[in-house]
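Have a look at the structure below, then the notes.
The first chain written gets the first letter, and so on, giving A, B and C; residue counts start at 1 in each chain.
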């Protein structure tokens, strides 16, 4: 089954791939790896803002991480790579957090679970999840990714 | 000398490899690289918690980073990769820090020095060390790694 | 045109490559990728210190990120890799930020724009930019890099 078909089966509609906020590219492929730039949680065209431990609940944070994951998929699709993913290798998950909030793993699962749903075993990945002081545009979460892709 | 023998010579006993806190894998190998997920400092089964500049001394922080390094080795061993390490390529070191604490490099040496002790020249690596607002489970330090491994 | 010639044409003089602050290497090459350690903004031998949202303006922050980028180039030159860069693959940009500062992308452009100026299309890269609580030596910005390099 293609990944597009799998997304349809799951009832997942990808967002429009967000243009980079600044001077960089959404995806770079070299040596069999695709590096996807840090993606923010866009929902209906707006960034989900806030900070865990302050004004965002864990469920909202997890939903925001899921939205970051969807944007990673949207960027891969736009780059013509969605059907060429051999393996999700690593996710880097940066969670806007107060010093007291220590539940970053559950937040990050919003992105991690999506990858496993969409890619199956090939979607299971290594990960680092950390709490950061602030994110671009006030975003709740930012997620970057390394994937192994088929080389032409 | 095998790495297991070298660990014995150094008097280092690896901890039990910690199960991932959530939906991800401890290690993923692709294209000759092993990506190890962010590891927390477990000592006798408990996470070492706290924040540099607040309630953790630099020596305690460095010991926590050493514990993260041991957990990276334990994960490699469990994945059957410990004797296949060709090179430690990169460590990412995230230190729970107050805004005033700027001694992250010395903390990170707890993990870096371990790699050099265990792997010799092959253990010398690139690194980024930064101070973050908060870490999973309240951990003092989190360290992830990229290693070059022999391909079968 | 060589990269050295291009730097001359741009009027860019690289700084002296900074020695690692601790137990690690500035650059490690494996499998066609060069991993460059997190570089701090040295200007005339001193680290540019401060925090965005507190005592550093966005223009100063962007200039500091540019200085980090120059140091990445200086490390590549010292490692004999400057003329072997095939592609800048990924920059990781860590911006010392108050919880209120959300302009990390513009800061990070100080490093990103430099790469595009020096390497042209090969300098366009993936990126993650986040705001962190604190950085080594009190630095304003830290930037690490992955580059694809020609293998001998």
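One rule holds in what follows: a residue touches a chain if its C-beta (ideal position, glycine included) is under 8 Å from a C-beta of that chain, and two chains touch if they have at least 3 such contacts.
Quick caveat: nothing in here was measured; it's all calculated off a predicted structure.
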Interface numbering overlap (same over half, different under half) for subunit A and subunit B: different
How many degrees of rotation bring the Cα atoms of subunit A onto the matching Cα atoms of subunit C, given to the nearest 5? 120
In whole angstrom, the CA-centroid distance of subunit A from subunit B equals 24
Provide the list of subunit A residues touching at least two other chains, using ranges where the numbers run on. 31, 98-99, 132-133
Within the complex, which stretch of subunit C touches subunit A? 31-33, 53, 86-87, 89-91, 97-106, 108-109, 112-113, 116, 124-133, 146, 148
Subunit B residues within the subunit A interface of the complex: 20-28, 30-31, 35-38, 51, 92, 94, 98-99, 132-139, 142, 144
